[in-house]
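Remarks on the structure that follows.
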């Protein structure tokens, strides 16, 4: 496992992330234009969705798909409850902010999904293509759970914001649409499509991921510099412990379902990841009283680096133990 | 032919276009930044121009080049007259708007050119590199024809806008410059250049085209949602019938010239396509009274999807018959 | 050598630069969005830094590294003094503007570095990976030298601008951070990383360089059109003679050190190049009285095209003589 | 040239809220608006920058709308119903236009 | 700090027209202007957005120019000669500047 | 809706100077600002455009800050100490805001 951790830490992907982090903390003027960051994210989601779909077209779907989808949805619903309880018990966050943070940790981070598949591919560990669909299914339930908690605790309902409209918006948010859409296209076009798109979507993937993680490092570093004041020891501890709790829960479910090593690693990583595309935007609409910087600093400034540097090799090792 | 149609409909390129269309109609917030869309278009025009030029360097130019250029220019001059007559006869468009729409249908769509070459490459059908030059030659005559019609009918001349300056601007518009420039560079550098640029310009082409057609689907979907009110049955019918008329005319000329199957398919597709980069901008300057949304909704919202989904396989089949 | 010059002039890279130049001078509306230009520059610096680092990981560093670094720093310090003397002796530039221009010519152009490595790779001439570090070391000293000159001559000190803050900013400017960072990552990850990133960073490199040089041609062309009034014969002559002087000095030092042919060509090209990313920004802060258009017109409008079209093959031929 | 007085409202607001604001403007009968990108900003909630962002949550936009003075209060009421708990700034200024019937 | 009154003209107009407008401003003797990108908008001609656009036809830009009041009418005349049949909006407001000789 | 008068300062300035200007604003006690991208411009120093640029040297940005009138002179003094020898333009105009305590 230490070898795995070292190999991970010395991979170009992780090192480019660290470069970005260091550049931001050194206040370098290195920047990635917003349009470029969006192109890189679009590409990565398209690539991973398409590869997942093509894999499904090739290997078919075994009986575990439905169970895994259910497990993912369950995790996404349950984790916010747990996260909320921990936050209220150990930190000074008020109910609304605690609910907002809980929603982030219940949902998933598409970028962390991209990173774990990058590492798995490098290690030659196969994962089931339908995990892409599982990831998509895990995005929304956490938002519903967090809104129920927030309404229950704060007694307030969101003025002027219909729950239905909000969930529809989250379900059709850009990153989900491209991920699921590319998955379906991969499944429909199969080997023929995969051959055609391989140079663009497969061969270039690690390089684009490096560039993207450089950007994520820059954004995380700026976020950390800005959000330092929110990082009390208790809150920071939450951002590291919560992924581990999610990992253990997901590991147990993966073991019960009998997932393959690669898919177990993906499910664990999804559960351990915290959203920073879909959920932050949804929270600005549904819980505007929550301070967005708190959840973003935790998710992007602490949990994402933790997962990238330490978590992913840990989760892969854990998946190895579970499926041994 | 049905097999060809089905294979086309299930190609990743077409499916990504449909994904974009569906996302826009579902009001997803999936977007492609303007700068990214421009990069994709720049890349595709550069790639197709360069490949055309390299092909000419390899195979040389046969005697049909001059005849094909003449045929293209003739089509571009003649189609607007026909289109104008049909529009005035069957729809309620006033003379100025009818002339503006006619200019769009006489000229060509570089994006449709990119799409047809993508399909031909996938099917392994060769086309002559000089068709890129033919495409460039077909862009401007339609604008001249439409302005002559508009002046003749509305009796007005364009205040403050010199025809010469306008045509110069159209001839040097960015998409023509990169298409023709890359063509010349491909022709000059030949096999040496082609080898060097193959991974970037050839191997990645289908993948970039998918991403670009996703964007075109989004733009077309938004345009349709916005422009629905202009889509009377007569006008919509025009946007589907006119490409077919152009296709038949071009097919006849290609037959008379004796073009190869691939080049016939390209010439037909060019004639059947309607501009939405160069001509719309020119019309804003030359015929500002025309409502730009009318022509754009027809060209991008109806004719482009029609050509991509149905037209291109039809045109290739037609080219097969003609050259059989 | 004439063959080398011709082959260079007919390379796709140079031809795309010429296309951009011609399009700008013909006032075409062809443009590359700012975000795209930044992506292309980011990619190229990342690719060249990484390749340099991976090369060092593979071949190790020989004893000439320290000597070459020292030579580079010496060149960067000394060239501005020479440049200033020439400018004051032969042109009408006042002390402040002469100092600002001198800083540009003492420092280096990362884009020219990218171009020369592109040509060397095409010719199959190897260069030492550590030349990337030499390039980074040559960026800043020229700025210090120019500020010392300007303070000495104009008697004024820069109000409110601390020298330390300025140099720190220049040292951490984005292009240096990505170049040096990617170099270190390449050195750390070695062959494993290089294999992973080859399709993205190596195979696509010539194509991306073409697109980037198209943009540089457009920018240079617009700069020339705008800055014509600054191009007196004396000043224009400086922009062509100064690179040759730098080349001769660098050639002598490379010969004394005993650099390989490829590395000699790189060192010569660096010395002959003039900055237009880092130094212009630094001059706006440190010498705001200087007219930025003067230095930029010379550096980007005259010296860069000269180096790309004539200089680089000349410098490679010179390197061949020196190391014969 | 004869000009007519109107009000220019400038709203800097979080990007996820934009759709709701424009919908509200349309309901209030506002005939037009223009949305301008924002690169970076600073306020009570600290610094932010659009650079490198992939989501819209930490993004802001600037909306400009020119309206007739009689409509000003209705527009401000509608906008503040939405932005009061959100991050953002609203300013109003006097402008003159040439074609008054448009606003 | 002493300030001097000037006029700020803000023009939202279709991108293909920009070159002609700046040429006209230069002819009228206007000394400077600034062009700002526009993301999206809504008006009599409906909604539009720059997102995903590859051409300039359905694109708009915002031009801001600060001029002396004595030049205002000439500038507006010149601009309206161009934009009257085009899609766009022109507003004028009062501003103060510190260095009056620049405008 | 009750509104309160404030001052809107608009600064078009070279991008490399931006960090120093915002630092100066913060020192002067200014509570917020917004930075808007600029596509192109024209002035005494000629034409420039952001298109295709890879460095920040020939780039400009537009900073907008709304401040209380009592702070105006201090802000202008601070800004002009920086921009007086730089390329750029500063204008001041009157605006009304709804939440006066923010500025």
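Quick notes
In order of appearance the chains are A, B, C, D, E and F, and numbering begins at 1 in each one.
As a convention for this text, a residue touches a chain if its C-beta (ideal position, glycine included) is under 8 Å from a C-beta of that chain, and two chains touch if they have at least 3 such contacts.
Protein names from UniProt, one per chain: A, B, C = Sodium-dependent bicarbonate transport family permease; D, E, F = Nitrogen regulatory protein P-II.
Please read these numbers as outputs of a predicted model, since none were measured by experiment.
Considering every other chain in turn, the ones in contact with both chain D and chain F prove to be E. In this assembly, B is the chain whose CA centroid lies farthest from the centroid of chain F. Of all chains, A has its CA centroid at the greatest distance from the CA centroid of chain E.
Distance from the chain A centre to the chain F centre is 38 Å, each centre being the mean of its Cα atoms. Centre to centre, using the average C-alpha position, chain C and chain D are separated by 44 Å. If each chain is reduced to the centroid of its CA atoms, chain D and chain E end up 19 Å from each other. The residues of chain F that reach two or more other chains are 36-37, 56, 93-94, listed in rising order.
Among the residues of chain A, those touching two or more other chains are numbered 29, 31-36, 38-39, 199, 204. Contact annotation for chain pairs lists A-B, A-C, A-D, B-C, B-E, C-F, D-E, D-F, E-F, with touch applied as defined.
Only residues 14, 16-17, 20, 45-59, 81-82, 85-87 of chain E touch chain B when the two sit together in their complex. By the touch rule above, chain D contacts chain E in their complex via residues 1, 3, 6, 8, 22, 26, 31-37, 61, 66, 93-98, 102.
By the touch rule above, chain B contacts chain E in their complex via residues 31-34, 37-38, 40-41, 111, 160, 215-216, 218-219, 222, 226-227, 276-278, 280-285, 288-289, 291-293, 296.
Those residues of chain A that touch chain B in the complex are listed here as 33-36, 38-39, 42-43, 46, 50, 169, 172-174, 177-178, 181-182, 184-185, 188-189, 193, 196-197, 199-201, 204. Across the complex, chain D is touched by residues 10, 12, 36-44, 60, 62, 72-73, 76-77, 80, 89-94 of chain E.
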